[in-house]
Structure formats: C-alpha cells, structure tokens
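Chain lettering (A, B and C) follows the sequence in which the chains are written, and residue indices restart at 1 in each chain.
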Amino acid sequence: MTTLDTGPAAAPRVAFYNDPVIRGIIYQVVVAVLLVTFIAWIVGNTATNLAAQNKTTGFDFLWKTAGFDISFSLLPWSRGSYYWEAFLVGITNTLLVAFIGIILATMLGFTIGIARLSSNFIVARLATIYIETIRNIPLLLQLFFWYFAVLKAMPAVRESLALPLDIFINQRGLMVPRPTPDQEFTWVLVTFGLALAGAIALGIWATRVRTLTGKYPREVVLAGKVADACVTFLVAFTALFILFSVAFPLSHAPLVAAVVAVVLAAFSLTRFAAISRGVLTFLIAFVLLDTIVGAMFAWVPSLLVSVLSAMIALTIARVGYVGALSRPPSEARFPLALLVLIALGVPGLVYWLTGATLVFEVPVLQRFNFVGGLQLPPEFVALAFGLTIYTAAFIAETVRGGIQAVSRGQTEAAQSLGLKDGDRLRLVVVPQAMRVIIPPLTSQYLNLTKNSSLGAAIGYPELVNVFAGTSLNQTGRAIECIAMVMLVYLTLSLLTSAIMNWYNARVSLVER
Amino acid sequence: MTDFGFVRADMVPSKPAPINTSGVGAWFRKNLFATPLDGVLTILGLVFLVWIVPPLYNFFIGHAVGPGGTVEECRLENAGACWAYISSEMEFFIYGFYDIPEQWRPNIVFALGALLLIPLLIPKVPFKRTNAVLFLLVFPVVSYFLLAGGVFGLKPIPTEKWGGLLVTLIISVVGISCSFPLGIILALGRQSKMPVIKTLCIAFIELIRAVPLITILFMASIMLPLFMPQGTTVDKLLRALVGVTLFTSAYMAEVVRGGLQAIPRGQYEAGASLGLGYWQRMYFIILPQALKHVIPGIVNNFISLFKDTSLVYIVGMKDLLEAVKTKNDTALEWQSANTATTGYLFAAMVFWVFCFGMSRYSMYMERRLNTGYKR
Amino acid sequence: MSQVSETTVDRPVDTSHMKVSSTNVAIEVIGMHKWYSDFHVLRDINLKVMEGERIVIAGPSGSGKSTLIRCINRLEEHQEGQIIVNGTELTADLKRIDEVRREVGMVFQHFNLFPHLTILENLTLAPIWVRGIPKAEAEATAMHYLERVKIPEQALKYPGQLSGGQQQRVAIARSLCMQPKIMLFDEPTSALDPEMVKEVLEVMISLAEEGMTMICVTHEMGFARQVANRVIFMDQGQIIEQNEPEAFFSNPQHERTKLFLSQILH
C-alpha cells in the first residue's frame, strides 16, 4: 500500500523516516524481528518443558512397534506393526471414508439441489427442509446421533435387523455379503474395462460422425435398434419375472415373462414403439412402487397397495408414453441402449462362456456373532452416513447456485433456436453450470475430507484418531505427531487448490 | 398496399383471468400438476409425507412424555421422546457444574448480552458504534468477572465448572469478537505490498484453512502448555478460545479479502488523494464499504463458528453437546430406549434455532443492502 | 421515454423490393388474451401478418409488446384465443412448438449468446443439432452470414471478446443460420451504446430489403419510418392504433397515440 504514495521522481526531499519505501522496510524488519523473537521464545520454552519432563524429540519412534489394536484397517495391521504403518493406516482410513462419502454426497447433493429448483411445490419444499435442517446442526452432533442414538440402539446381534439382499444391521455394524470372485472372474473384469472403453469410444465416434455428416453412422443406427429391442426384452423380462414370482406368483413365471417380454421387444421395433415403452414404464414403476410402498405401509392391505401402485404407475406410464411419442426417430438418436448393452453385455457373455463364478459370501448368524460376509463397523457406517448427509446439504446449495447462475436468457435463446430440452441441457445449460459448480464443489470435497477427522470422536480409526490420538498418547511425541497429521491435510489442500487453479485457468470464460 | 389503418374505439377492460390461471385451482395446477411428471412427483411426495409425518408426530408430540413425566412413562413400549428427561436435567445443560446458588450470575450475563445484541442487530436503532464497543469490549470484561468471581465478594468459580449452553455461547461470542479484528488485520496484511508481511499472512491463512479444526484444538490442548514458560498453566477454556479464534480468523480474513477486492480502485485513490494516511484510509473509507459488502459471508462464518464450538470437548470443556452426551451416558436414573435420542434432538434443536436465526438474519441484511446499493 | 432514438442509416432505403404478399399469411393472432396470474397483460389481440411485412411495435414500457412477440414463438403461453404461425397453431403440443421455433428466429435485447462457445460454434450449434446439417456445410453457412453482418474475422473469438453491437450482429446471424421464414426482434438496440445502434439497424434493414418477414419491438422511430410498412401502437396490453408509418407519425388518431408521440418526438 505504501508504495502507492510514491510521488514523481522530482519530489522534494523528505526525511528518511517519511519515505514510504524506507518506512515499509522498517515495518517489515520490525515484524520479522518480533516473529523470530517469538519463535525463539516458544522453542526455548518447549525445550525447557520437554527437558523437565525427560522427553526426547525426533522421528525415530516411527520405526518402533506400535503395540495397539486398530479396529478397522484396509492394510494388514497387527500389534507388532510399526508407527509408520499406523500413520499409513490412518491415512487410508481417512481416504476411504472420504472417498465413499464424496461419491454418495455428490449423488444425494445433486439430486436435492435439482429438486430444490423443481417447479413442483412439494418436491422443492421437501428439499428446502432437508437443506435448512441439516446444515444448521453441527456435524459432530449428527455423528453422535447416528452413532449413539441410532446404531448403538440397533438390536443386539441375535435380533439383527434383516434387510433385503442378505444385509443385516445390528449393534456391531452393517453386515453385507462379500464378493469372492474366482480366477476366471478376472477376465470378466478385464472385458468389462475394455467393453466400457469401447462403448465410450463408440459413443464419441458416433457423435463425431453425427456432427460431421449430420447423421449417425448407418451401422450404429441399425445396431442401436437391435440393442433397443434387447434392452427392452431384458428389462421387461426382469420386471415381469419379479412380478410373477414375488407379487403375483404364477406357475410358469419365467415362460410367461419371456413371452410378454418378446412381444414388447418386437413392438419396440415397429411404429408402436411408444406403446411398448409405455407398458415397459408401467411395469418398472409398478414393481418398484409395489415393493417400496408395500414396505413403507406394512399395515395397509397388500391388495390396496397394489391398486394404488397400479394407479400411480399408470400415470407414470403415461409420461413415458408421451415422452416416447415426441422422441426423435432412431436415426437421430444417440445410441445409448447400444452402449449400455456393450458395456454390460460383453462382460456378461464372457462370464457365461468362461464359466467364471462370482459367489457372494453371505453373513450368517452363528451362536454369538455373524460369520463371513463383509462386516462394516458401526463407527465407519455412522461416519460415512453422517458425512454424506451433512455434505449433501452444502453440495445441493452449490448445485442450485450453479444452475441459477445460467441466466434465463440462455434457455430462451436455445429454445428459440429450436433445440430440444435434452440438447439444450447438454449443450448450453450444463456446460455453463458446471463451470460455476466445480470450484465450490471441490472445496466441499475438501471440507468433507477434513470433517472426516470428527470420526475420532466416535472411535473411527482415521488419521487424527490413530496418530494424533493413540500414537501421540503412547509416544508423547506431540509436536512430531501433530505436525505429521497437519502435513497430510496441508498436502491434500494444496494439491486440490493447484488442480483448481489449473482448471479455472482452463475453463474461465474469455472476456474482453 | 392493403389498408390496415385501425384505431381502437373502446379500451378493452381488464378481465378476470380464466379459472385455470388464477386462484387456488391455478396454484395447484401450476405448482403440483403442471406436467404429468409433476403430477407423479406430487403423488410420490404425498406418499412420502403420509409415511413419515405420523410417526414423527407421534414421536415428538403424540406419544412423547412431556416435562414433568416420569421415567417409567418413558420406558413404556410405545413411548416417544422423553422430554421429562430434558426438563429435569435442564440446569446441567445450561450451566454445567456451575454452583447452583450462583446461577443468577450467568443469567445476568445472558440478559446483558441479549440487551446489547438486539439493538445492534436492528438496523434502525441509533448509536451503533457505542453499542458495538459496549458489546465487544465492555461486555466480555464485565461477564468474565461476573462469571469467574473472586472480586467484589463474588464466590470464585473456576472455569472447569462452567459448562453447557453457557460455554457454547461464551466461546462463540468471544470467538466472534476476537476473530473479527484479527481477520481484518490478516486480510489487510494479505493485501499489503510488503513482501514479508504479505507472505506471513498468506502462510498463516492457508495453513489454518488447510487443516481441520480438530487438529488445531489438539494443538491448543497439547502443545500450548509446552510453548508456555515452565510452571504456567493454561486454562482449558482459554485453550479452546485460542484454538477457535485462530481458526475462525483465517476464514474471516478470506471473507474480508473478498470485500476488499470488490472495492473499486478509485476508492483507494480517492482516499490517497485526500491526503489520508494508510490506517485513516482503511478505517474511514475502505473497511466500512468492504465489510458492508460481505456481511452475509461474515454471518455465515459465525454460523460455522457456532457449530464448531461443539468440538471443544477435545480440550476437555463441556459445551452443550458434551453436556448432553455426558448425561445421556451417565444419568442411569433416566435410562430408557429414547433417552439418548431425545437428548441429541434437544441439542440439535437449540443449535438449529441459533444457526437458522443467524442465517435468516444474514439473508435479511443481504436484501436490505441490495436494495439501497446498486452498482 | 429517453430511450427512444431517431437513429437512421445514412443511405436511401429502397422499399420497392420489399414485397408484401397479398395471399400468404405468415402469422395470425385471433382474439388472444394472456394473464400473468391475475394481471391481464394482453387483451384481445388480433393481428394478421402477411409474408414480407415489416412491422414495428411501439408503445410505453409495460404495454405488453415484448410479451406479444414472445408469445409468437411460445416463450410465453397464452390462455385464450389462437396464434397460428406458418399454418401451425401453437398449443401445448411440443412437436408443434418445435416446428414453429424452427421457422421463427428471435433476437433478444441482451443478445443471449452462449458465452462458453466461440462465435462460429454459436452459429452452427442449432443447424447441426436441430436440422442435422453436416458440420462443414453449417460452418460455410455460418461464415456466409458472418460476412453478411460484416464480422467474419471474429469467427473464432468468444462472445465476451466482442462489443455489444458486434454481439447483437452475431445474434442476428445465429438466428439466420436456421434460415427462418420470420424474424422477431425484441428491443434489439436498447442495450447498445448509441454509436453501435446504427450497425445493427443496417443489418436489419438489409434483411428487410431481402424480403424477410419481420416484427420488431423497438424504440427506433427512424427505423420505423424508413423500413416498416406498418406501425402498431400498444398500450395497456392492447393494440390501440395501427397504420402505415407516414400516416401513423403525421396523423395519429387515438388520444393515447398522440400523447405517446408528443412525449417522444420533439
């Protein structure tokens, strides 16, 4: 600031202490001297204090055995492991819960953010209530609530709550089936990777051809039609099979389902495609609603639930039907079904051909505890759940802000050019909104990672708990332990902001 | 050319809108059933509400045991929230272990705080500067002596005994009033042209913002005693205050910086051309404008700070949340299926009321500032 | 009424090419009403626009002129009466709305260019994705229209790098790339600095000279005199008076028209 005052070169001579440049230097020297003195004082005090307590300093403790248990670890851990291994376990546990939290919070947050902008009063209001409730309550309180009031109040092991798909909840956490793939299954995973890459490449190529020539490639369009029919068949078959074997049991459920599904698939190739789609929508909606609403209102007679579900599903089916009517012909449509079929169907074929097996080891209740399966400790579940719920509220606000930042004029301009809703979102609204959303979204991810340190308060063995807690208490190396922990967070933060700076420089709108 | 001369003879009077564009029916059509998809969402939303509202109502009100109820009622099979537990432990939740006969002292502090804060928040009330000085400088000193005692014949009460909502509010108010000036100084330092000062401020701000509060509090709790000359003991409350203040000041600095950057360059130059010195320029011209711009950001920081006070359990202070948790774990005479849930819900409601109030206030200020100040 | 301007282009405008069809109807609005909840914004609008007409809609702000032309490509929906564009009646049917929007170009007061795309991409976006025109062809068309609006050298820049007048010319070119039969202008010069108004008007006039059907909501009375074949005056959501420009300006009939003109023309 002071250099601002520098006058022209021919300014009259001033006393040296009034010269802004010299004055600035004096200020800085004073500050630097004060700071150095202060640090020296602290270092001196610390040295005296440590000496008085007979404590040593240094990082040699990292190569000593830790000798404590860690309840949850991805890396191999035993009491004989070293402190540096404890450090790594802490980091991986932090990153694990942060990673899962980020994925779930992004999905939930985007849904709620979009819901908040909905023109539907009830949907928008529910989203607002969610956001305003969650973000005004401390995260630690929410974690305590989920951990002590909800998970710890779950039934004991013997009375575990059984959820669908062999998942169980009890005081000791969440028991889920553990996938145990065999040797051949590696090939399935490899083909899945390849098929996914192939599908994406095909999608990009088809889009490029579409821009260059105005049409999607003929082969792709043809294959797309077949894929449409296949997907229709598969989805219809699944829905019908569930319907006829669970909700309304029939004797030849698979056969009936297959016949109806074939008819629907055949229809989807003709000009009655919209009807086929309407029926398909009805089936999916009905199966889902009947199951979910039935579970929500267990005290309502199941016939009533079915009738209600059918009515709602009919309305949804009408939406599907009308939507299908205004769909462009398959020549002008992005071949999404084909890509999905490639990405999932090819590995499925390999799975069937190689005879690979993917057995799920189901958790089984033995005398005192569950055996087998993947047992997620309640600390992990509570922390992941709490972080997701909390961060989603902030992400939702970010998303809402980003979408609102795209002015109404952009939408109107796109509409007046005749762009369809899907193209308008894809080409005009989303690219602009994402530029606004991504920087704050990243800082929310960083916040989530930092907030995962609150796991220490409910006993999840993340970095702060393992290293600034247990290890520090055992070794007494306070300065070293805390410095190492802080360094990890500092690195994460600097990395993120470096990436963000690069991103912002790349996408910022060019202005005059 | 065709002759299309036209002059309107009689003005068309305003007609009421057709039934489907105004009134209740139109509201329903527009907000609930605008498209078939909207209709579906409405129905699904209603199904969800029907599912969730009755159990919530029963838990909070219908089957809840009100204040004055007994623990036996709370232990019944279908009992809802156990508000009786809250009302019977209320004193602990508000004052912690503060001596019961001396509780009039925190009460006076609460009343005084409210008395000074409310006129500060209402834009129309005059004497803002005096009021702010009273609240930020005089009030903390008075409160400290009133609460800690040891002077004027008041019984000394060590800070270890303070707890509950009292501690939550003390930490927030002190944290707010200390981190605010510190944040301004850091922000000015970051904008400074002196490299040493600028680097120091940037390093401090970025370091603090990079790490979680919990590690700062660990540091305050474990390392602060090490840094002090031998023999000095650092009060636990003071440790918490130092940690929270340093943490918040870094965030405050970033908010203030945003405000400083929004000030047009001309304002700086105008100040300089009037012959004002640096501090005069800042105090009279730049800061009043910059801070006004970022009031919402400042309030949001206060909300975060208020929520973050719940972390001071790390240094061993019993704030509201920690007080509730302690009682949940130890009050055996109140043990029932819903005791812990009720305790946390109560704490959540208290925090929510404060935070929601602050956020509404910030929105109100934002609207007020927007109307009078168009750029 | 300070925004009213009398800017004219410094050349004689030859209206003899501007043929108005006597048989082909471009737009027909019959007994149209529109409300914003309880507010009656458009009242009993009747308007028949023949192919090749250049219509200027004038009126005080809040008189519903912008709302009227926004109804014509269904950016707003009307509640009573009919709007028929190119023989297609506008209803809630999305297919018809798309059909109409493909044939009707619109230019906005604030340009509404897509800031994340280059000028060329702005121009080719709709032809490629709506009409399915090959990219090379779309780009050739785009360059053709950029030359028409006299800024081909800006093709690879972003909208933010252009002046207001240039942006508005790009916006006009963007609409033209869809080869519309009708152009709607919603106060195209109101957001521009005075020295840029002329370059935009120049483009609009050359469009008129090629026989484009145009409806302009504008305060450019000079443009109305030079180019329009009909001026419509609106107030309180209704059409008060319409006439040929000469007669409209020299001999207004209705009290409100007289008042309006006396306020803006000195």
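Observations on the structure shown:
Assume a contact is a pair of C-beta atoms (placed from the backbone, for glycine too) under 8 Å apart; a residue touches a chain by one contact, two chains touch by 3 or more.
Everything quoted here is computed from the prediction, not taken from an experiment.
Relative to chain A, the most remote chain by averaged C-alpha coordinates is C.
Of all chain pairs, the one linked by the largest number of contacting C-beta pairs is A-B.
Centre-to-centre separation of chain A and chain B, using mean CA positions: 28 Å.
A separation of 46 Å divides the Cα centre of chain A from that of chain C.
Centre to centre, using the average C-alpha position, chain B and chain C are separated by 51 Å.
Annotation for chain B: no residues touch two or more other chains. Chain contact summary for the complex, chain A toward chain B: residues 1-5, 24, 27-28, 31-32, 35, 42, 45-46, 48-50, 52, 118-123, 126, 132-133, 135-142, 144-145, 148-150, 152-153, 293, 296-297, 312, 315-316, 318-319, 322, 450-451, 453-454, 456-457, 464, 468, 472, 478-479, 482, 485-486, 489-490, 492-494. Interface residues of chain C, counted against chain A in their complex, comprise 73, 75, 94-95, 98, 101-102, 104-106, 108, 110, 112-116, 125-126, 128-137, 157-158, 160-162, 171, 174-175, 178.
Those residues of chain B that touch chain A in the shared complex are 30-32, 34-49, 51, 191-197, 200, 206-207, 209-212, 214-215, 218-219, 222-223, 225-230, 268, 272, 278, 303, 307-311, 313, 321, 325, 328, 337, 340-341, 343-345, 347-348, 351-352, 355-356, 359.
Residues 1-2, 4-8, 11-12, 14-18, 20-22, 26 of chain B are the ones that touch chain C when the two sit in their complex. Residues of chain A that touch chain C in their complex: 210-215, 326, 332, 407, 409-410, 412-420, 423, 427-428, 431-432, 435, 509-512.
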